[in-house]
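Encoded as structure tokens, the structure appears first; notes follow it.
Chains here go by letter, A, B, C, D and E, matching the order in which they are written, and residues are numbered from 1 within each.
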């Protein structure tokens, strides 16, 4: 378990997340992709904290911030989806294409 | 941690704290007040901006320094950004009152507005990656909600969702970048970045690129600019004016701090920003050309304006005027944007180009505000947009990006076409129907914003002198 | 902890994290996808523990468990074919997405393996949690506070746009643009 | 008294006359008296000979003075103008006040010209003479052909004016001043330019080949205008200039021969035209041209004095002849000379015409004969061949003079119902005839010295056999005329398309001018105007073509799948031109608008990037981040 | 005082713009015309006084300077010399006449007069500015004001023409801006002060940087002047603009380009100018001949006059090319050419301004610019005919009128330096003569068509105003000493004439 191997795992999660974000039609699935990206970022961060940054405490703080981002984005995502579903009955991205050009 | 230090730190962010408190007060008022009195929340919010402005004054005078253990800057650049943000927020508040009059959730809207402004302010002062992430989050999270605030409007919902989705992706990417940078630098504060190990090249390039994605999203630059026109068109009009201007102020200042902290020898960030500037202004301009929807046009024009602003970022460190140019660009851009959206607000959201003929006949002041705003965007003297463009061109040339200045000049010529496409019917055509407005308050702040373009353009010296003294990180 | 068991554990958790991650987008049911995601998170949390961030790892696992429950509920509420009773694939630009994901992975892994990352192992492994606490209320005070305001703002905002009922009854009524003429009804 | 006094007096007269439009009775007397007054002033100035320097700007001034032959001209011009003006007042043209006023202005300009002591003053007078002549020729402005004729005359002479501009510039470049004095001392390349410029200007103004045809156009003006223009004023300016400047430029080797050649060619061709043309006034016009050719010949032969004397005598009798022609046209209502034959009907004008024709033919003891002999002498002195040619020219002169007299005022039938000449007209004839006769004083021995003094040149001593030869030529010419008249061929018209028509029409010079100058210029101007409206259209089209080629490649990508839209629209701005190809028909307005249109199409294309679909945005974002990383890693 | 000449009209314009539109003065076009004319005359009077105080010494005089943005080396600096004084005074005169000239106000007198006065102040300011920043401010603002004048009071396809004008000339102004910045950055310390920059000669070393700056200035000024082939914005703008606006466009705005050539480009980059002078002279001769030939083919009165502007501006550029050329020993001729070019700027302003006013009057009476539909107007409209004829003859360079004074000096100077080119350029004056005589013949002479039996002559106001211009044209033509002396005070030292 070296820094590099953890980064590779984090990169894999990030890559899977990118794939999910780009490929999923459903908002919720798409958000899962983004969660996975952040998941990868979090893993890389902790690896960095542990192996590359000498355990500097602001790294842990940053990890907390990352988790806050996850939570906030998820909750807002659900709120916005709720709102959009109410006015547009939209659950996939293709249903939102009025604003363009 | 000694208490004295904590108290001192708190005093350093007293303006920000006043906004936090103001937001809470607004929220409490909104929860308590009767439905007919919800607009009172606006007055509290307005007072909050006034108080925060007053509390910002000392920071404009005192020498700059870092606080909160190097995670936050209390310097002139941040203070100037704060002033711009607060004034813009105040204008937005006044525009919002008549616009949201019928909305039952009128009250807490102002809390969100204040917190969104707070996000921009914190972003402007952030000097650590943690603060960057969290300030971005505050700014974005409230922004998404503000864009969605017309809950019965499908356009509003669509704009908000797209804003959110693009933002979430950009944020996700940025987090990975932040994680990598943290590891390379061994800490989160920006002052560690210049000491990146020389072997970090490729990692740093990827990391910075990922962080850039987040910052570009905030400033509305290519390639994550796509939300800008949608928000401009779909969000409530005062909110659109706010979201296209205010977060950008914080993000630009942070961007400046960030790139200045990067090791210039290992990373070609200046060239990257220059290319981004060129792409952004060109794409924004081209997309504007045939817009028949004034709000959407304003959105795309905001993209192109971002491109111009990025010229100053590209010149940072290579031109002694780059920071002046950047801050002055913000001073010129924000009121112009507010004035333009203010006109749309005052005209009850009238957005189709076909609805504008003869405006000058019926509403001279609004037409003049629109014209001033557009002419400032074009860069016609003596409006502040001209001084901004002059500075931007100058720093680009000085920084060795003469090609970028030429590029910007060509784009400026292109931009005349679509601005004039709106202005010509406003002035040269006859009105077909009577145009109603939202009332004098909205009109007056709109005109005041437009007047600011003239005043800051003619009396640029105090601003330029102040900006020259404000270089972040010094 | 000796190296070998840790390495083995790491390999196992990594495999779980990645495979579960892939399964998220390779399953018939959204609810199942949510639980795969949870599994992936849990595995990451475990790796974090292995890396010495016990507190953060546990928090992550707990938080994600809650979140996935919410996610599942939302799916049931809004999504077609919520329970995933029928097999379904809802993807677009599939090949582009695979390419983008692969490129992202290869780029990140590549630069990670290229060796630019400094080697500065944690100096005081046991003190991590305490450090975090001091950091929260010390140097990162502002970050912590900001995060707090953010959460407040998020709560207010999420409720404002998502809650259909408010203090004055239907909270969405008239929540739209003013009409071009004062006496007209605005269009939705 | 300043040297400008005559000009001012004439200008004052012009202003006065222009205000008298409402009182026609006063016009004639005022005009005649005024012009006579101008002549007196001119005389006074010529005798006292003051010079004056006017500071025009800081860099140079205008030098004016009554010097050399200019003194003669100062008197001659208003003196000839006086009877002409009287005639004009009597003839009662439409818009008489305007006519007289312009005549006075014209005289003023001419007087300015002859007092010029430097090239700028000369140019001022020179061009003003041209402009006022435009107004005079176009006097009958309601008929557009008159206007066009006036324009033709003005343009032709202005073409010659360019020579003066060039000469002025060259003198200044060489000496830093415009004064005539500098001509002689100018350094080599500049002196040649001066010489060429002067020759061009003089030839154009004096209606020498190849500029001669404008004289015909100038016949569109009323008779008194023709009389004035072709006697002492407009046309004389060229000869005057040469008389004044040729001596200083004699050092330019080709200068005098060139003048000689031009003069000779004009004398012969003009004589031929005059001898054949059916139009009364045009016969005279061609003869003017030929006579000035003789003067050029004299100058070229080195005798400015002979040329000067010829100029004076010619001025007097030619004015007389034009007035008689005007009376004939007025009386018969036709310009065709063979239908006049007014000898019996109008005896008084006939007598005047006879005097004029005799003078033209050079019959001693009229002064004109003396001056013509002086010219021939000069030519002979320059070389026997030249002398022979000069004699041939004078034979032609005799012939067309005789032809004019016989056809115009020969004894014909007594016609009735003719318009009788006015007393004022007759008085003018009388005065000019008297002057023609009076010039016989030139035969008196002291005349030679006076002429040499007045012109600043020298006269060749004529030999007896020259006189004899000239008289023989004269007699031969007249004999031919009489014979032809007897046979009835004299007045016969030319068959259309015959060579004679070609000769009558100035040897086809106008045709040539049309083909070589007018048509190319107007064609070029039209072509340029058309090109200007759609300038560089071709460039735009080429750009569109390139763009289309690119767009075809891009378009193939577009069609593959919707995902690729996003990928391939990276090149959208290029694909743009596809639209502009479609708009090609509309693209006619220049490269600027073409470029504008390309940008416009790029605008449409770039909007297609914004598909409204979030997953496309994601791709854009991902590509963008990759690009950022690449630039970051590569650029420094 | 110069400041007053600039800002009195601008402030008056703002005051007029704020007038209520349906009451009082704002509703009275007649009253507004009087007021606006009075205001428009103020700069003229002030500049006349300045002229009296002008002492003919080299260098800038009567300088008024106030720091503006000292951090950037920007100041409000105005002043005059023998070059700017005549142009500024001419501007004042042309504006006074144009403001007073009757025009179809389309029911918007307030805006019309406000814009005209604003444009006047801006134009006067441009000629007096001694700071590159200030110069550019006035430069750009003039475009905007002119855009609105053409767009709102033009006819035909006015909006399109106005847009083309705006886009094209603004496109020219941006290279200018970049070039100004280039000079600014090259000066040490950075400054926009023209006098200081001219003293420093920061780009004297040449090189690619100087060449780029030169190109920027050149494009900017060449478009505005305009030199062929940058002239295509001109005909539509002129044709569709209202008469007084055309007069100003031709009379004043075009001079901004030529003035910029002398004031900035030739002063800042004299060596490069001298190197390129032959090429510029060729370009000028092309403009001369091309403009004249294209004008000859026009059947539209205003287009015809517009193309003669291309021709006349060609003379100016020829004079400038000669003035800046490296021709040792020909300083006197070069000074003459520069003086001539400057006189041409003034003369063209008066003459072509007058001709465009005339064409406005013709349009108001006949409803078309088509030459072929007219004829014989001399019989109906005497003063119109005579004034037009006078101006036309002045334009074709007849001695005794202002155009000759200018052209003869240009040609003489050019002949000394570029004899062959000068002789080609001379052909232009024949073509110009032809086209003006043709125009006069088509419109005013010949038979009067029946439809113009009732063609009214010029009103007293029109005739008087054109008379003022014509009188000055005549005055300059006959007694040019006062003007030439003033200009020579600049031109002599400029070319280094001993």
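Definition applied: a residue touches a chain if its C-beta (ideal position, glycine included) is under 8 Å from a C-beta of that chain, and two chains touch if they have at least 3 such contacts.
The structure displayed is predicted, hence computed values, not measured ones.
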{"item": "Mutual neighbours - chains that touch chain A and chain E alike", "value": "B, D"}
{"item": "Where chain C and chain E overlap in contact partners, by chain label", "value": "B, D"}
{"item": "Maximum centroid distance from chain C, chain identifier (CA atoms)", "value": "D"}
{"item": "Chain ID, smallest distance between chain and overall C-alpha centroids", "value": "E"}
{"item": "Of A-C and B-C, whichever chain pair has more C-beta contact pairs", "value": "A-C"}
{"item": "Distance between the centres, which are taken as Cα means, of chain E and chain D, whole angstrom", "value": "32"}
{"item": "Separation of mean Cα positions, chain D and chain A [Å, integer]", "value": "91"}
{"item": "Centre-to-centre distance between chain D and chain C (centres being mean Cα positions), rounded to whole Å", "value": "95"}
{"item": "Centre-of-Cα separation between chain E and chain B, whole angstrom", "value": "43"}
{"item": "Of all residues in chain B, the ones touching two or more other chains", "value": "128, 130, 134, 137, 141, 144-145, 148, 151-154, 160-162, 165, 169, 173, 176, 183-184, 186, 201-202, 205-206, 229, 287, 417"}
{"item": "Residue numbers of chain D (touch at least two other chains)", "value": "596, 607, 610, 614-615, 618-619, 622, 626, 629"}
{"item": "Shared interface positions of chain C, touching two or more other chains", "value": "92-93, 96, 100, 103-104, 107-108, 112, 115, 117-118, 120, 134, 139-140, 143, 147, 150, 154, 157-158, 161, 172, 188"}
{"item": "Interchain contacts, given as pairs of chains that touch", "value": "A-B, A-C, A-D, B-C, B-D, B-E, C-D, D-E"}
{"item": "Complex contact set, residues of chain E against chain B", "value": "67-72, 133, 136-137, 140-141, 143-144, 147-148, 151-152, 158-159, 162-163, 166-167, 170-171, 174-175, 177-178, 181-182, 184-185, 212"}
{"item": "Touch list for chain B against partner chain E, complex", "value": "321, 324, 375, 378, 380-382, 386-387, 389-391, 393-394, 397-398, 402, 405-406, 409-410, 412-413, 416-417, 420, 424, 427-428, 460-461, 464-465, 468"}
{"item": "Contacting residues of chain D [partner chain E, same complex]", "value": "55-60, 120, 123-125, 127-128, 131, 134, 138, 141-144, 147-148, 150-151, 154-155, 158-159, 162, 165-166, 168-170, 172-173, 176, 178, 189, 193, 521-522, 524-526, 528-530, 532, 535-536, 590, 592-593, 596"}
{"item": "Touching residues (chain side chain B, partner chain A) in the complex", "value": "128-130, 133-134, 137, 141, 144-145, 148, 151-155, 157-162, 164-165, 168-169, 171-173, 175-176, 178-180, 182-189, 229-230, 233-234, 287, 291, 296"}
{"item": "Of all residues in chain D, those that touch chain C in their complex", "value": "562-563, 567, 615-616, 619, 622, 626, 629"}
